[in-house]
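Both complexes below contain chain A, partnered by chain B and then by chain C.
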Partner chain A sequence: MDLPLEPLLRWIILLPVIGAILNGVFLRSKNGILSGLLGTAAAVGAFIVTLVVIGRVPDSHGTVLALDPWFTWMKTGDLEVAFQLEVTPLTRVMLLVVTGIGSLIHLYATGYMSHDKSPWRFFAYLNLFLAAMLSLILSSNLVGVFLGWEGVGLCSYLLIGFWFEKDENAAAGMKAFVTNRVGDLGFVLALMVIFAYTRTFEMSKLVEIAQAGQIPAWVWLTAAAGIFWASTGKSAQIPLYVWLPDAMAGPTPVSALIHAATMVTSGVFLITRVWPIFAGQPAVLDVVLWGGLATAWIAALTALTQRDIKKVLAYSTVSQLGFMFVALGCGSPAAALFHVVTHACFKALLFLGAGSVIHGMHEKQDLFEMGGLRHHMKWTHLTFLAGVLAIIGFPLTSGFFSKDMIIAKAMIRGAVPGMLLIGAALVTSFYMVRAYTLAFWGEARSKEAAHAHESSPIMLAPLVVLAVLSIFVGWFETPEVFHGPTKFSNWVLQSWYGVSPAGHEGHLSHAMEWILMGVVSALSLGVAWYSFTKYRVFRHGGSKATALHRVSENKFYVDEIYAFLILRPLKFATGKVTKFVDVYVINGFLHALRDGARISGQVLSLFHTGSVQVYGWYLAVGTVLVLLFVRWWAV
Partner chain B sequence: MTLLFLALPFVGALVLFLLGKKARFAQVFNLVLQLAWLALMFFVHGQSREIAGNGGFPLVYSWKWLPQLKSSLSLGIDGLNLPLLWLTVILSLCLGLYAYGKDKLDGSYLGLFSVLNGATVGSLLAADALAFYIFWEFMLIPMYFLIGKWGSKNRVYAALKFFAMTMGGSLLMLLAIVALAFRPDVSDLGWHSLTQLALPWDGQWNSWQGLLFVGFFAAFAVKIPVWPLHTWLPDAHTEAPTGGSVILAGVLLKLGVYGLLRWCLPIVPQASMAAAPLMFALGVAGILLGSFAAWQQTDIKRLIAYSSVAHLGFMVLGVFSGNVEAMQGAVFQNIAHGLSTGAMFLIFGMIYDRTHSRELDAYGGFAKDHAWIATLFLVAVFASVGMPGLPGFVGEFLVLVGTFAVAPWTAVLASLGVLLGAVYMLTLVRKMMFGPTSSLVASHPVRLGWNEWAAILPLIALMLYLGFGAQTLLGLSETDLRELAVKLR
Partner chain C sequence: MSELQFHLGLAFALFSLGVVGFLARRSGVIALVCLELMLNGVNLALVTFSNFHKNAEGSSLFLFVILVAAAEAAIALSILVALYRRTGSVYLDDFKSLKG
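Then we have the complex of A and B:
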C-alpha cells in the first residue's frame, strides 16, 4: 500500500518543543507578554502546520491520511519501536481541538499570567504539554502513545504545582502524578501482554490481529482492561478521579487546557483509537458503562454544593467525562468523541470565564462572595452564559447534540442506563445554573464583587471565539431525524484501519427520538429555571443542611476513605516490614557474624592496630607479594 | 593504546600520591589526567569501532603474565563493556571537575580515585578470569579508604561492612576461578576458552556448573547488590563522600550486572537459567522492599541509595530473563541508572557541601531561589522514575516486556516498582524542592562554581540524548547479547 509520506508532521510536535526550550532555557524573561506571545506563537505554529497537513491530505476513505516515519527509538530482538507519526480521520479531529483550543488558551494565558513572577516557566511547561499531548495523538504505536501519556502527566504535575511555594499546591501536583501512575500500571500491563502475544505495538497491526482472532481471548481482555484502568486515571473516573478536583490548584488556564479540554479526554481518545480491541469485550464495556454512570452521578452530586467556582467546574468535568465513558460503554465511540470535542469547547470556555471572574475578583474563588457580576463583566457574563447553555444542552447548542446522542445510545442500551443518564444531565443543569446565578446575578456579596473589573481584550477574545464554537460546533453530527451531517460517525468509522468491529447497532424509532429530545430538553430547562429562581436571591445558610448535603459538601469523604483504608495502613505496614527485615534480620545476622569473628579473631590481635589505613596496606602489599611469588617462584 | 588507557590512571595515581597535601596542584593535575584519559578513550573507541559490536569479545591486547596459573593479561572490547568504559571515563571527569577547589579533596583522595578508575576499567576490559578477579578485588581497596577516611560520621562502620561483605562474595568467586584453573580441560583462564567449556548440567547444584554458579554469583550479587545482600549499600552510600557515592552508584554497582553477563551466564548458562526463578523472586523482593524502604527514609542520601536497590532489582530480572530484549534492558538500565543516580548524588553532594544536612525534613522550597539546580535535579529524578523520553524508561520498559515473556507474574509484580518509584522520588522532590522555604535553605544559599556546573551538565545532556537516542547503545550490544541468548536457550 502506498502510504502518504508527510515529514511535516514532526513539526507539529517540534514547534512547541522549540517554544518550550526558548522560553525555558534561553529567554527566561520576567516579561509576561513576551513569554506569552512566544508560547502562543509556538502553539499557533503547530495549529497552522496542522491546517496545512490536513489541507494537503486527500479526503480518501483510507485510515492513514499522512505518515511520518521519524526515527527508530528502540530496536532489539523482536522488538521494534519507531517514533512514527500518523494522521487518521480521528486524530485529525483531536489535532484540531488540541492545537486550536490550545492556541486560544495560550493567548488567554498571556493576559492571565502577565503579572506572574516567572511567566517564562509557565509557558515553557505549557508548550511542553502541547508537545506531549500531540505525541500522544500522533504516534502510530502504543509506546509512543505512552510517551505522550506520561509526558502530559509530567507537565500536569509541574503546572498543578506551578506555585510550589504553597505546600498544598505541591501536594496536589504529586497526588495527580501518583494517582495517574496507579492507572498507568494498567497501561504497562497492556503493553507487556500485547507484546508477548503479538510482537508489535503498531496500532494498525494490532487492530488487524485483534480482528483475525488467533490470539487467545484473555490477551485482549487483559489489554482492554489494562487500557481502561489507565483511562480511569487519566480521564478521572471512579476510582481514580480524586486527583482532578485537587488539580484546580494550578493556574486557571491550565485547568482549562489540561484538566478540561485535552489531557483528561486522552483516555476516551485512546479507547476510541484502539476500539477494535474493546469491541469484542462486552464484560469490559459493561464496566466502562456502569463506571461511567456512577462517576457521572457522584461527581454531579458533589458539584451541587461546592462553593469554589473552579471546584464546581472540576466536578462537572469529571461528570461529563463519565458521560463519555457511558457512550463508550454503550458501544458508540463516535458519540464519545463527539462529546470530547463539544466538551472541549464549552468547558474550556467555562474555565476561562471562571478565570476571568477570578481575575476580576482579585483571586477570590468563592461563589458565595460573588454576585451581580453581570453588571461589571459584560463580555465574561455573556460568554459564560453561552458555555452554560451548551453544557446543559439548550436546544441546538453543541452540548445539546452531543449529549442527546449519548442519551439516545444509552436508551438503546437499556431503559435503566438511559434514565440514569438523563438524571445526571438534569443534575448538571441544576448545579451549572446555580454556579452561574450565584456568580452573575443577585447582589454583590463582597467588596471585591462590588468593584470587580472586566478583563483585558487579550483574555476576552478567546472567550468570544470559544463561545461561538460552543454554540455552533454541534452541527457536525446531527441526529438522524434532522437528516443533517453525521461527520463524526464517518470519521471514527474510517479510523480503524479498514477493520469494522461488530457492534450492536440498535435504533430508536423516529418518534421515540423526537420524544426523547423534547422531554429531555424540557426537563433540563425546567430544572435550570428552578435553579435560577432558587439562587437568584441569595440566602446564606437559610435551610438546615441535610445529611446528603453534608456528604456532598465533603466530596463523599472519598479522600478520607482512601487515606484511611489504603495510604496510612500501607505506609505503616511497609515501614514495619522494611525495618524488621533490614535492621533486625539481615543486619542482625551480619552483626552476629562479625561478633563471632571478632572473638575468634583475638589470635590475630597482633595485627589489630585499629587503623583502617594499615588494614588496607596489608591487603595491597599482600596482593602484590602473592602475585610476584606466583609469577617467579611458583612452578 | 588500550594498555595505555588502562595504565594511565595507575601512573597518574602515583603522581597524585606524591603531590599529597598540595591539594590545588593535585586537582589541576587530576583534571589534566582525566582529560588525557578522555582523549585516550576516544582513541580506544575509534580503534575498536571496527571490532566491537560484532560479537565474540575480540581481544585488543594479550600478555602471558602468569603462565603457571594458566592466566594472561588479556583485554577485550565489545558492545557490553564499551558503554561502561565511557560511563566510567565521563563520570570520573565530572568528579575531577567537582573536586576542583575543594581543599579537603587532596592528592591522596584523588590518587585513590585514580586507582579506583584504573581497577574499574581493568575489570571491564579483562578477558581473563584471574586478571578480572585481580582488578575486581583491587577496586575494594581505594573505595574502602575513600569511605573510611573521607566519609561522614559513621564511616568506619560503613567502610568495614562494605569491605567485609564484598570480600566475602569475592572469595567465593576466587574459589570458583581457582577450581576452574585446576580442571585439566581448561587450557587457559581466558574468556574465550572458559565460555567454550560447555560443562555438563544435570540439574544438581553440587555439580560443576552449580558450584561455579554459586561462586560467581556470590561476588556479583553482593556488588549489585541483590536483595538480601544489599544492606551494605545504604550505609556505604550515605557515609561515603560525594565522589564515592557517585562512583559507587554510577560504576561499581554496574560491574555486578556486567560480571553476570560477561562471566557468570556464559560460563554456566544452564545453571544460571535454572536459578532464574529464585533470581526473579529476589529481584522482585529488591524492587518492592527497596522501594518501600526508600519511602520510609528521612536521610536524603539513604533514600537515593534504597532507590538503587529497587532499580538494580529490575536489572537482575533483565539479566536472568535470558532473552535479548530483557538483557538489553538491563544493559541499558545500567547506563541510565549510572547517569541518573550519579547525577542525583552529585547535585545533592554540592548542596550538602553548603548546608551540611542530609535530613529531608530540614529542607523545603529549594527550587525557589535555585531554579536551575532544581530543574537539573528534576531531570535526574524523572529519569530515575522512568519517564519516557529519558533513559530510565527504555531500560525498565525493555526489562518488563522481556521478563513478561518468560515470567508474566514476575513482570506484573515488578511493574509496581514503576508506581512506587514515583511515590518515593516525588516525596523527596516535594519536601526538598517545593513548599515554603526552610530556614536551612534560606540561610545557606547554594551558588555553584563554573566547575560544578561543568560537572553536572554532561550528565544531564547525556540523559536528554539517550532518552530518544537509545538506539545508539542498543545497537552496540545487540550482537553480543544475541550470542548470549542463544547460549542460554
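Then we have the complex of A and C:
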C-alpha cells in the first residue's frame, strides 16, 4: 500500500516540547501572562498543525491517513522499535480533542495562574503533558504508546503536587503515581507477552497477526487482560480509581485537562486502538462491562453527598469513565470514543466553570458555603448550566447523543446492564443538578458568596467556546432513527487496518429506540427537577444523616479498606524484611569484615618482633623453603 | 674435585658463614661484616660462572654488586654510628622498639 508520508506530524509533538523547554529551562519567568501565552502558543501551534494534517487527507484514504517514520528509537537483536507516528480516523478525533481543548485550557490557565509564584513551572509541565499525550495518541507502536503513557503519568504527578508546600497535595500526587504504577504493571506484562510471541510492537502488524490466528489464544488473553488492568489505573476504574478524586488537589485547569478531558480517557483510547485483540476475548469484555457498571454506580453514589465542588466533578468523571467502559464491554468502541469526545467537552467546561467559581469565591470549594452565585457570575452560571445540561443528557445536547448510544448498546447486550446503566444516568442527573443548584441558586451562605466576583474575559472565553461545543458536538453521531450522520461508527469500521473485527451486532427496533430515548430523557429531567426543587432552598444540617448517607459521604470507605487490606500487611511485611536485611545481611557483612580484619591483624602482629635477626631468620628459612619448593614440587 | 667445584664450594662456604654470623652474633658491627661476607660469597660465584661460560655477564653483575655493597656499607655504618651516639650500644638486642 502506498503510505501517505507526512513529516509535519512530528511537529505536533515537537511544538509542545519546545514550549516546555523554553518555559522550563530558559525563560523561567515569574510573569504569569508571559509564561501562559508562551504555553498557549505552543498548544495552539500543535492544534493548527493538527488541523493542517487532517485537512490534507480525505476520509477515504484508508486506515493510515498519514504516516511519519521519524527515527529508529532502538535496535538490538530481534527488537527494532521505530519512533513512528501515524494518524488513523479514530486517533484523528483524539488529536483534535487533546490539542483543541488543550489550547482552550492553556488560555484559561493563563488567567487562572496569573498570580501564582512560579507560573513558568506550571506551563512547562502542562506543555510536557501535552507532548506526552500526543505521542501516546500518535505512536504507531505499543512502545511509543507506553512512553506517552508513562509521560502523562509523570506530568499528572508533577501537576497534582504542583503546590507541594502543602503535605496533602504532595501525598495526593504520590498516591496517583503509585496507583498508576500498579496498573502499568499490566501494560508491561502485555508488552512482554506480545513481543515474546509476535516479535513486533507495531499495531498494524499485531492486528494482522491477531487475525491470522497462529498465536496461542492465551497470549491474546494475557495481553488483553494486561492492557485492561493498565486501563483501570489510568482511566480510574474499580479497583484502581481511588487516586482520581484525590488528584483534585492540583490546580483546576489541570483537573480539567488531565483528570477529566484527556489523560483519564487514554485507557479507553488504548483499548479502542487495539480493539481487534479485545474483540476475540468475550471473558475480558465481560469483566470490562461489569467493572464499568460497578464503577459508574459507586462513583455516582459517592458524588451524591460530596461537599467539595471539585470532588463532585471528580466522582462524576469516574462515573462517566465507567459509562465508557460499559460501551467497550458491550463491544462498541465507537460509542466509547464518542462519549470520550462529548465528555471531554462538557467535563472540561464543568471543571473550568468550577475553577471560575473557586476563583470568584477566593479559593473556597465548599458547596454548602456557596449559593446565589448566578447574580454575581452571569457568564460562569450560563456556561456551567450548558455543561450540566449536556452531562445529564438534556435532549439534543452532546451528552444526550453519546449516553443514548451507550444505553442502547447496553440494552442490546441485555436488559440487566441496560437498566443498571439507566439507573446510573439518573443518579448523575441528581447529583449534577444538586451541585449546580447549591452553587448558583438560593441565598448566599457565606461572606465570600455574597461578594463573589466574575472572572476575567481570558477565563470566560474558553468557557463560552466549550459551552457551544458541549451543546452541539453530539451531532457527529446520531441514533439510527434520526437518519443523521454516524461518523464515529464509520471511522471505527475504517480504523483497524482493513480488518473488521466481529463485535456484538444487534439492533433495537425503531420503536424501541424512540421509547428508550423518550423514557430515559423524561426520567432524567424528572430527577433533575426533583433535585432542583430539593436544593433550591437549602440550610446546613437540616435533616439527620442516614447510614447510607454517611457511607456515601465517606466514599464507601474504600480508602480505609485499602489501607486495612493492602497497605497494612504490606507495611508489616516490608518492616520485617527490612529489619532482617538490616540486622543480619548488612550488619552481618560489616561485622564479619571488621572482625576478620581485627583477628588477622592480631595473629600477624605476633610475628612482628622488632628484632632484625628474627626477620633475618624468616628470610633465610623462607628462601630455603622456596628453593626446596622449586626443586621438588614445581616441575 | 674440579676447579669449578672448588670455587663454588668456597663461595657457598663464604655465604653460609655470613648467614650464620648474621643470625647468631649480637653485635651490629659483626652483623654488617657478615653481610659483606654473604655478598662476597655471591660475587665469587658470579665470577666463577663468568669464567666457566667464558662470557662477561657474571663479571659485569659483580661490578654492580660491589657498587651496591659500597653504598650499603656507607649507609649502614652511619646508621650504626648514629645509634651508638644516641643509646651508647651497638647490640641488636637493644633495638626492639618496632615490635608489633
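Definition applied: the second predicted complex is superposed on the first by the 581 of 635 C-alpha atoms of A that agree within 3 Å, B and C clash if a C-alpha of one lies under 4 Å from a C-alpha of the other, contacts with A are read in each partner's own complex, and residues count from 1 in each chain.
Everything below uses one rule, namely that contacts are C-beta pairs under 8 Å (C-beta built on N, C-alpha and C of every residue); 3 or more make two chains touch, one makes a residue touch a chain.
For clarity, every value in this text was computed on a predicted model and none was experimentally measured.
By the document's definition of touching, neither partner reaches A:Val558: not chain B, not chain C. When chain B and chain C are set side by side, the one touching more residues of chain A is B. In the overlay built on the shared chain, the residue A:Arg181 is in contact with chain B alone; chain C does not reach it. Shared-chain residue A:Leu523: touches no atom of chain B or chain C.
In the superposition on chain A, contact of A:Leu8 is made with neither chain B nor chain C. Within the superposed three-chain model, A:Leu37 lies out of touch with both chain B and chain C [touch as defined at top]. Once the two complexes are laid over each other on the shared chain, residue contacts for A:Leu590 go to chain B alone; chain C is not touched.
Under the contact criterion defined above, the residues of chain A that touch both chain B in one complex and chain C in the other are 612-613, 616, 620. If you check the complex, the residues on chain B that touch chain A are 65-66, 68-69, 134, 137-138, 140-141, 144-145, 148-149, 156, 159-161, 164-165, 228, 231, 289, 292-293, 295-296, 323-325, 328, 365, 367-368, 371, 382, 387-389, 393-394, 397-398, 400-402, 404-405, 408, 411-412, 415-416, 418-419, 422-423, 426-427, 429-430, 433-437, 468, 470-471, 474-475, 478, 481-482, 485. Here chain C touches chain A in the complex through residues 19, 22-23, 31, 92-93, 95-100, going by the rule given at the top. Contact residues on chain A toward chain B in their complex (touch as defined above): 71-79, 83, 118, 121, 143, 146-147, 150-151, 154, 157, 161, 164-167, 169-171, 173-174, 177-178, 181-182, 184-185, 188-189, 191-193, 195-196, 571, 574-575, 577-579, 581-582, 585-587, 590, 594, 612-613, 615-616, 619-620, 623, 627, 630-631, 634-635. Interface residues of chain A, counted against chain C in their complex, comprise 604-613, 616-617, 620.
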